[in-house]
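Lettered A, B, C, D, E and F in written order, each chain numbered from 1.
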């Protein structure tokens, strides 16, 4: 089910059979000369919606589309939440879902830069319970879509060189598959972008002139993207089943 | 342009010709027995995307899909940000867009319950400048989609009775037009829902048993929704032109 | 009763008979060339104290005299709280009063610019209960003094043109009635001030040179103010009775 | 001048001759069986207004009437701000006044329990400048009214025993002088209240059954209050002159 | 016991016999030309550890080594927490210790500038309970090491002139006794430093050129420091016993 | 140099030759039946102080001894900061050091659970600059001590099985080397602790009965700890040199 396209009564009924929900979470940030600004929130949304098409018991929340992308701000179009804001917002999503009785909230993440803040948010939420010596009534789980079973391996086989870590051919391929009308091309120079540390926004733009890190997005194709989505959706369904089978928290 | 489906270089180019951007903003909350949980963020998204289709100079940011819906939390599926979180998040969106040079940020709103927090957010953002005796480099504008020129009048003519204020036939009609596969029906009892004050969530559910306030959503049709979207998109384009023609702030 | 001029034991006794309290809330901000900086907190204080004189069961808390007036800061003497601070402070007032057993807390407001933040504050307070699936032990109500029964109609009849929205003749008349020794005069130019949007402080001062918006305060007289206070106090007593008669929350 | 009864233009003119302002600040909290709940904000207001009557160059801001009184909350009528809220609110008052060009902001305090939070607020405000290696454009000063030159000595001579530290005869005498119609009596038992540590609210009420700490308020008279106000107002004027004569900050 | 050098099981066992813990708390800030930057956190640590050596029932938590030293920031090496951060951090320490069952948390303080923020922190923590009408499960106590029984008198007899209030010979003597290898000398000019008000950092450096306030640290010797530590440790043990003997809170 | 045992003048002189500083950062939390509660802050302190002994140009700040250990709170003695508090505190440390002219701030971390919050803190700090389109005047670096060159490899060779991820033999060996008088023994059951996910505190204690995760601390010896410290200190000096050689930020 897609939560946003359901009624409250349908969710009330769903909760009687399952207390698990997937939240696609990403970022809206530059992805090099050809990657879409929405890449990092579109990828988990695409994969989660694909999983939903295959398994209706998969309940997908609206997409959390703005994340922690401070270091990309010197490239136009990037929008980000400071970690403190991001943590507060994740907390309110979780408290809302928890109030309805969801016991397993699974964040399918599309942006490496989100990981620290999401994990911090989980700890911030749990701390309220720990300080009161109570058990949280829900379990929170973070999974990057590329860490779903088999996905990294597939991406490595598709892109043995030039995968890199930002504006990667795998994530761009996923959006190409889902939004073929938006495929863009560019003359990448150098073909494989440089790598290095991540600091703040102006430092980032000075180091990575076109926004890529270590990647050669020219290798992306819609077909490769389709294969990644296919595998990721399948693995997501399995991972959700395993998560749902865990002992009930709280 | 849709910002999320553009590259940073495309936004950089856009900024040379216009510094105006539309942010659809809404809420994910119960909308009665037949309204979609996403109604309030889908409506401004639908209208803004329709405006974009008709006028490519209209730049639409990703949709801010979770708003202030505390009073709906007793109905499953509602997700909301506390005002303090909402204000912080709007601030980060605005500061991000402002850093790129956007000078006019237009929030097209789909949820009455958001108005107070959005206006408070604007004041919070401006206050930083006022305390420093500086002029903000951007102008912020809030417009509810039903307040776009002519739209309320059309809705009143379509639904002379039973429009109400929550889970209204007009907003449901808009989503029916855009998502016809999700049209739901129910036996409304009473046909026109009661009205009264809005307090906290459990009080709200006790007063408004099925979630509606003053409305008779059975009157909604996709055709009426299409007429509303058509007019709203046209009015939005005009309103953006007028906003863009204002003297440059900052 | 005036809470500040009572003892704790008197309030303890009062609470056995009524759990309703009125909080006059306003703002300290410029009111044009002749309006007092305190106008917006003096008006609700004047009206609430007048109601108290007529009906001793009306319990009036100290006046919350600083509100959200960011847009007036470019005029000397304005003091304001950012929305985030204002929301936190209203929360602490409410939690304090709630801890004593007050079940109906009625904010009599004197400043339009406060409305968004006060409503946001109510939602922020309620959210703590909603997230815990509890019912708040109090009902919160906001009423602008000009929205008390009959008051707007009287003001419109007193000032059919040039009432405007800031530094209005009605609010200035109220303070003239209560503080006749502070009546000031000026040559207003233009007689009726311009109108337009409200943005941040320097923009506001640039648009509204002497601080007025749409108003002609020269029409104010202490007599008109007295009539407004008389009606408002009467309506306030009735509105408080209706509020107190609502079903007990919590 | 009383700021709230002035116009913005009058404050603009005042700032050309002086950049000093007094803010009466106190608390609304229980003051034993006969003390007014408003005692701690009424006392500095009474003294500052008396100073203003004698020296028109003394500019008095509206009274900051709610302070830090957590430990009194178990007595009805107490309203308080948490230190974090109080600090934020003092910051906004100071930033507002500072934006107008006030260079010396003098808080005349009426509540010992406020001291820690006010001092913390000053440091919080200054820290913004220190972290930026800038000098604050204003100097902040806190003075308890009983620490004005000679006042403690007078109180000690008026009340050689049973002055105590809360609901003291001196503060009650000051309000008796200003609000003679509110004088209350009670049979104090014991005549001089006990003393001890201050912890949280329920602990406080358990230790101090009628709210007094170490005091015998029966000794208060309006005449003694008048003498205290007379001396305090005189000392305040002198202290403000000394403060205004300090080298200009910033 | 030293908490940091114990295991959780040892603390679990300790809690069965005592629920009292000492937290040395100080500041890392300039202490004149010869005082160590760590002086203010080293002193309470030295004294608490000495008490622990003499009485194993004294449980000493890790040292809270960064406090509120905004006014010292213009001298290199100073590190401080803003009051708001400091309050939040003290809250988390207390909530952590309270969750384990500690009922008496004793902060042994080494920095006068910390007092306001620590007291504000206590009130902030208690407020959560007061607003809920609950009694806090712990009592919080603040004691400056120089206020331990007899210590100020000893310091005054050791340093009848030139003790001053910052970079005092007594605190420097304490660190000389504990860290003799770090003793530094300088030609103090003037021998006794000036005194005056404390404002923000640049103002402070302008007033107090070498960082001292009213002190003549040349009088410090390790022997005098040893005498101070000896007395302070003894008094601390007694004060902890008295605190532990108080009626159980909560 | 050890910052806390230096004077401000010594730090002022140091800053003329180097703008790099090391901050040992860890956590105070349970470490199984034999590990010290302070293990995670003692390890980086031990290593940084050892590096300082070998290379005086290494400037070591006071140890940041309380980190993010929410999940360990069900074991007595654990003290932690919520991520929001931790982020604020790291920000104040960095802003303090940055105000003195430190351009490279290197956090040597001893607790895996800190990583998310520290990275979030860096982004939070940088965001202030990014939103203002400024370059931060400092570079921030996080390094876990076990990630220093060669250290993980050495630990793996010392403990080929049963190293685990919490209460590891390597970290316990380091504290055994530095604090041999605190070595504790226990009968571990099972010898190698279980592994699994990390959620909140009560869940953690239920999964990991004695606090260990995947480890067999019985293998720790002071000698192995000494070898780890020796290598880590050497690698730290080299890593600091490389960091200091980076182009100057800001």
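In this text, a contact is a pair of C-beta atoms (placed from the backbone, for glycine too) under 8 Å apart; a residue touches a chain by one contact, two chains touch by 3 or more.
The structure presented is a predicted model; accordingly, all values stated were derived computationally and were not measured.
Where each step is a move between two chains that touch, what is the least number of such steps from chain C to chain F?
2
If you match contact pairs by residue number, which of C-E, B-D or D-E shares over half of them with A-F?
Of the listed options, the interface copy of A-F is D-E.
Using mean CA coordinates as chain centres, what's the gap between chain A and chain D in Å?
Computed from C-alpha means, the inter-chain centre distance equals 54 Å.
Let me have the rounded angstrom distance from the C-alpha centre of chain B over to the C-alpha centre of chain F, please.
46
For chain A and chain B, what's the span in angstrom between their mean Cα positions?
25
Indicate the residues of chain A shared as contacts by at least two other chains.
73, 80, 82, 84, 96, 99, 130-131, 133
Which two-chain combinations qualify as touching?
Going through each pair of chains, those in contact are A-B, A-C, A-E, A-F, B-C, B-D, B-F, C-D, C-E, D-E, D-F, E-F.
With touch defined as at the start, can you tell me which chain F residues reach chain E in the complex?
Against chain E, the touching part of chain F is residues 3-12, 15, 28, 30-38, 41-42, 61-66, 73, 75-82, 84-85, 88-89, 91-93, 96-97, 99-101, 179, 182, 184, 211.
Using the touch definition up top, name the residues of chain F that touch chain D in the complex.
Residues 95-96, 98-99 of chain F touch chain D in their complex.
Under the stated contact criterion, what part of chain D meets chain E in this complex?
So the residues of chain D in touch with chain E come to 68, 70-71, 73-74, 80, 82-84, 87, 113, 115-117, 119-121, 123-124, 126-127, 129-131, 133-136, 139-141, 197, 199-203, 249.
Under the definition above, what is the set of chain A residues touching chain E in their complex?
The contact residues of chain A facing chain E are 130-131, 133.
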